[in-house]
C-alpha cells in the first residue's frame, strides 16, 4: 500500500511558459507532496504546445491547478491540457491552508 | 571580391543570457549588416559556458560588441568569449551613428 | 530628414504589464503625426488579439476595442508569427484584427523596412 | 505558532533591479526578530557574490559589504548551485562569502526545511 | 487560519495586486483572517494619494482601503521602499524638507520589522509579485 | 547627429537610467546633440520631486536636470504615464483636486505627440529600458 504523501509546498507561478528559466527553477524545486498552481499569465501553459519538454521536469504525481477566472478572462475554454485542474478562487485559499507553505515564482 | 555589407541595424540587448527567449528573439532578427551590442547584465554572455547553443543563431559575420565599463563593474576581465569586442562608451555612440537604426531588446 | 516609418514590436501577454497599452498609445500618436505605423506581435503578444477574452472578470481593461479601432487611424499592417499561433493553438480567424502571418525568417526582413523600431 | 525559519531565494544578477537589496533587507529584519535565516542563490544571483566588482564605475552601490556583514547578524547559511558556478566560470573561492555548493536535486530538499520562503 | 500578504510588483501592472485582492476577499469570506498586508518594492506606488486612475479602470488603492476598513486589516507600506519612490507621509516630508506628502490617507509607513513580525504571527505568508 | 532618448524602465532599478545618462553625456561630448529625452512607463517615477535618494546613492533626477540645464536638452515626461503613477504638476493637481504636486521642478509633463515629434526630428531614437 502506498502511503498518501503529506501536503508540503504549494508553488504558485504567474508568468507565461515563455519564461523557460522560471519554469525550470520552479519544477526543479518540486518534491512528492508538492503542488503547482498556475495563475495569471501562467494559465497559458495549459494551451501551450511547446510545454511538454519543461513539463516533463515535474513528476506525474505533482498536481497542477489553474485559476478558472484567469482562464476565462483570457478566452481559454477548450483544448486545455488534461493535467491541469481548473479551480475557483476559494479553492486557491483552501490550497494555501492545506499545504504547509507556499512559494511564489514570478 | 565580397562586397562589404552596409551598416543596417544595431541590436542593443541588456538582459543576462538566462533570458533565453529574449536572445532567441534578438538573434532571429539579425541579417547581414547588423550588429549586436551587449550592455548591462547582457555582458555576462561573454563568460557564459551555456551560451554556445543560442549563439549559434547569430551568423558569424554579425559583430558582437560589449561595454568595457559594464564588464569591469561586474569583475569580468578574463576568459571572455573571443567573439565579443569590448568598447568604450564613446564608441557606443559611434555605433549608433554608423548603423542606420537601433532596436533595444529588454 | 528622410521620411520616417515606424515598427512597434509587442512581446508580452495581455494584462501582465503596461507595455502593450504603452506601445498602442505610441502607435496612435505616431499615426496622428502622419508617420506610417506597423505592428509586429512576437511570443505571447499574439494572445492579446484572441477573441472571447473576458477581461471584466479581472476588473481589467482589455485592449481589443483599441486594436479594432486602429483601422480608423490608418494603422492596418499587423504581423504575427506562424510558430506563435501554432504554439498557442490559435487560428488566424480567432484574432480580432486581420494579421499577416510570417515565418521566423521573415521577421528580420520586415524589420529592415523601417527607419525606427520601438520594442517595449 | 510553531517555530519559524525562513529561506530567501535570490535569482537576479547585480544592478538589474532592486530585488537583491530588498531580499537582503528582509534577511536583516527577520534576523533582528530572531527568525533563523538562510539564503539560496539561483541562476544569475551568484554573480553578485563575485569578488573584484567595481560598481562605482556604474555609480551604483554594490551589496558586497552587506553580504560580508551578514555573519555579524548570525546569518551564515548560504547556498549556491554547482551548475550556476560552472556556467559562469566561477570558483567558490571567488565568492565574497563562504557558500555551500548544492546539486540541482538538493534544492528541493533544502526548501522543505523551512516554514517560510520569500522569492523576490 | 491567519494569513499575511506580501505585495511585490516589479512593474506598474496592476495584475498581481488584483489577484491579491481577489485572494484576500475570498479568504475573508471563508472566515479566515489577515494579520497584515505589506507593500514592498514598486508596489508602494499603489499607496500614492496623488495618482489618478483613468475612469474606465479600477482604483486599486481604494479597493485596498475598503478591504482594510471593512475587515480591520492592518495595511503597512515599507518606509524605505516608499521614501525612495516619492511616497511620503507628513512626517517624512518634514524630515526631508519636501513640499508635500503623497501617501494616501489610510496607509501607514513602517519598517521591515512589520514584515518579520507578520512572518511570526501568521500561519501563512503569501507573496504576490510580478 | 541629432539623437532622441526614450526611457522605459519597467522597474525601479536605476541601471537603465544610468546607462542612458552615460550614453547621453558621451554623445554630447562628441559634439552630437539631443533633441529630446522622453520619460515613459515606470521611468516617470524618476521625475518625482518627493523621492529621497539614500545618501550613498546617485540622485538620477538631479543628474538629468543638470544635463538638461547645461546642454539645453528638452526633457519631457509622458503626462498619461505620470498622472496614473502620481507624478503630477500644479495644473494636474488642481484639475484632479489633489492636495499637492509631485513633479520635480525642471521637468515638463506633455503628451505622446512629443515622442512622435522626436521620431520625426531626430536622426536616431535610442530606447533604454528594462
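Lettered A, B, C, D, E and F in written order, each chain numbered from 1.
The working rule: a contact is a pair of C-beta atoms (placed from the backbone, for glycine too) under 8 Å apart; a residue touches a chain by one contact, two chains touch by 3 or more.
Not measured: the values here are computed from a predicted model.
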Given chain A and chain E, the chains that contact each of them: C, D
Chain pair, D-F or D-E, that carries the greater number of C-beta contacts: D-E
CA centroid of chain B to CA centroid of chain D, Å: 29
Chain C-chain F separation of Cα centroids, rounded to whole Å: 26
Chain C: positions in contact with at least two other chains: 15-18, 43, 58, 60, 116, 119
Residues within chain A bordering two or more other chains: 15, 18, 21, 40, 69, 101-102, 104, 106
Multi-partner residues of chain E (at least 2 other chains): 10-12, 15, 41-42, 123, 125, 127, 129-130
Touch relationships between chains, expressed as pairs: A-B, A-C, A-D, A-E, B-C, B-D, B-F, C-E, C-F, D-E, D-F, E-F
Contact footprint of chain D on chain B as seen in their complex: 15-16, 18, 40-41, 44, 47-50, 69-70, 72-75, 77, 79
Residues on chain B engaged by chain C in the complex (per definition of touch): 8-9, 21, 25, 28-31, 34, 100-106
Partner chain B, residues of chain A touching it in the complex: 18-21
Chain D - residues contacting chain B, complex: 13-16, 43-44, 47, 50-58, 60, 86-89
Complex contacts: residues of chain B adjacent to chain F: 12, 14-15, 39-40, 69, 89-90, 92-94, 96-97, 101-102, 104, 106
